[in-house]
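Heads up, the next two complexes both have chain A, just with different partners, chain B and then chain C.
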Partner chain A sequence: MGLESSLRDSVFTTRLDAFINWGRKNSLWPMPFGTACCAIEFMCVLGPKFDMGRFGAEAMRFSPRQSDMMIVSGRVSIKMMPVLQKIYRQMAEPKWVISMGACASTGGVFDTYSTIQGIDRFIPVDVYVPGCPPRPETVIDAVIKLQKKIESERSRDYR
Partner chain B sequence: MPLEIIPILALLLVVLGVVGAIYLLTYLLGPRRPGDVKLSPYESGKEPIGDARIRFPIRFYLIAMLFVLFDIELVFFYPWAVVYRKLLSAGSFILIEMVIFIALLLIGYVYAWKRGALQWD
Partner chain C sequence: MESIELQKRIESRFPGSAWQPQESSGVGTLVAERSAIVEVLRFLRDDPDLAFDFLMDLFGVDYLEMEATERFAVIYQLYSMKHGHRLRVKAFIPETSPAIDSVAEIYPAANWAERETYDQYGIRFNGHPDLRRILNPDDFTGHPLRKDFPVEGIGYRDQFEKITRTRAQ
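For the complex of A and B:
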């Protein structure tokens, strides 16, 4: 990447990291990948009662080009995995993934041959959200956790 | 040069400066990792089939044009319907005007119909 690679670890770049991370964590644009009932639950996270917009993550974009936080909500079947993987790879860096609910994180009750037993076998996941489905507060808590994680990142560390 | 234009010029400079700064910052700080998959067209995660620039019947344009025409007609109906009852007590002018308006567009509609503009095959 541009500036950091030429400047190494100086005070300037560490302060710059803090500044960049501040911008990144407060303007997460979610890319919803809703395949099941968790997506229904996720809808009200953006609604007026819970309002993820308070944390700067209300700008939903249904295009991987414009979003940087993928929220996988729902079980993912083997047939669906290439689609999820492709969309993840089409997202521009920096990008983060929230695995919402038991099914996306572990396969949940769908202990079958056709359901992926956790999406982290195929794409990297930053925050796991427990619950079946998780309460909206839990999702907001996950976003806050992700923001804390972004805070500690160095801008050259992104995947 | 009139003095009133100075604020506009200042605004123009600020806008150009901010936009230029944002472009420069994203160029310097934004990571770019292009690749085959990333640069491929977004088709909701599916493999793209064929080209996006396909040929389709020219009738679509005609239908679209007619739609815009009669859509605008409908837009005129709404304010008319809102004040209709109030203005009718002052005379039947509002009714006659609208009938003339509808009649004009109805002639166009009948003409389009007769010429086969609504015929798909």
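For the complex of A and C:
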């Protein structure tokens, strides 16, 4: 662009969406919704060996109002589902959900009267993580996939 | 006290007590009459030679399609801290009137265990101080650990509002 060549390195131009999404994807604030063994596995994702902080998502917030990425790790029972929905509603837009592990995604082996057969039946899910429980690398891969998804979003889609 | 001595001691107080010869884990089983359960457990706790002062567990069993005296049973696992011996007390409960007297007064530990047994099997405990559901939601209908309850439930897990994204795709 002509403007950039005349002003050299002092400015650069970009699209507003690209700029906003760049900020959003690199500072995700996770909200752990841990109900079972996946939550235990999730702890070491934040530890020094795997370190989700390398992807800008290390600042765990246990308040839904301060976070934008909910990680549902573990099975969700019929008693827990209203709580999950309430927490999801309390999160400010834009917000994303990672469904971690077989139980959160499909109910897993718990095909019983009290277990929700996949949280995506009742709340929107962005990334599913397979595994029982998933390896930490898989969770990090899910965060990277979510970052790619955020990159392609348009800010005018948010009301 | 060995199982056979326990049996003799209990039979001296309750003549003709029904014993099950089953020796699972070396624990003898006393089959008590449903109507006498409070009396039996009070004796087991207070007798100095028996002194079963610790109710380790209390739970229900559904013998549907199994050979048993009645459909349900409530089982009390007792342990004596003083003597270090154990006893299993079983009371059969008919399907037509699933109820038994509460032992929460004798063993306070029975309070929640009886609530759980009521919640999951529908066995009522007469005289229980607070017989409410303890695990399932309050508005739950049915008793899910009964063998004739469908494993996948009767629709509870599908009855939630579906939240959709507020943003356009």
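Everything below uses one rule, namely that the second predicted complex is superposed on the first by the 143 of 159 C-alpha atoms of A that agree within 3 Å, B and C clash if a C-alpha of one lies under 4 Å from a C-alpha of the other, contacts with A are read in each partner's own complex, and residues count from 1 in each chain.
Convention: a residue touches a chain if its C-beta (ideal position, glycine included) is under 8 Å from a C-beta of that chain, and two chains touch if they have at least 3 such contacts.
All of these numbers come straight from a predicted model, not from anything done at the bench.
On the superposed chain A, the two partners chain B and chain C both fit, without a clash. Contacts of A:P82 after superposition on the shared chain: both chain B and chain C are touched. Judged by the touch definition given at the top, the superposed model places A:F122 against chain C, while chain B stays out of reach.
Of the two partner chains, chain B and chain C are each touched by A:P94. In the superposition on chain A, contact is made by A:I20 with chain B only, not with chain C. Of the two partner chains placed by the overlay, only chain B lies in contact with A:S63; chain C stays clear of it.
When the two complexes are overlaid on their common chain A, residue A:T138 makes contact with neither chain B nor chain C. In the superposed model, A:S114 makes contact with chain C only, not with chain B.
Superposition on the common chain places the nearest Cα atoms of chain B and chain C 9 Å from each other. Overlap of the chain B and chain C interfaces on chain A: residues 82, 89, 93-94, 158.
Across the interface of their complex, chain C is touched by residues 78-79, 81-82, 85, 88-89, 93-94, 111-117, 121-124, 157-159 of chain A. By the touch rule above, chain A contacts chain B in their complex via residues 1-3, 16, 20, 63-65, 82-84, 86-87, 89-94, 155, 158. Note for the complex: chain C touches chain A at residues 136-137, 144, 149-154, 156-158, 160-169. The touching residues of chain B, counted against chain A in their complex, run 27-33, 35, 37-38, 40, 42, 44-46.
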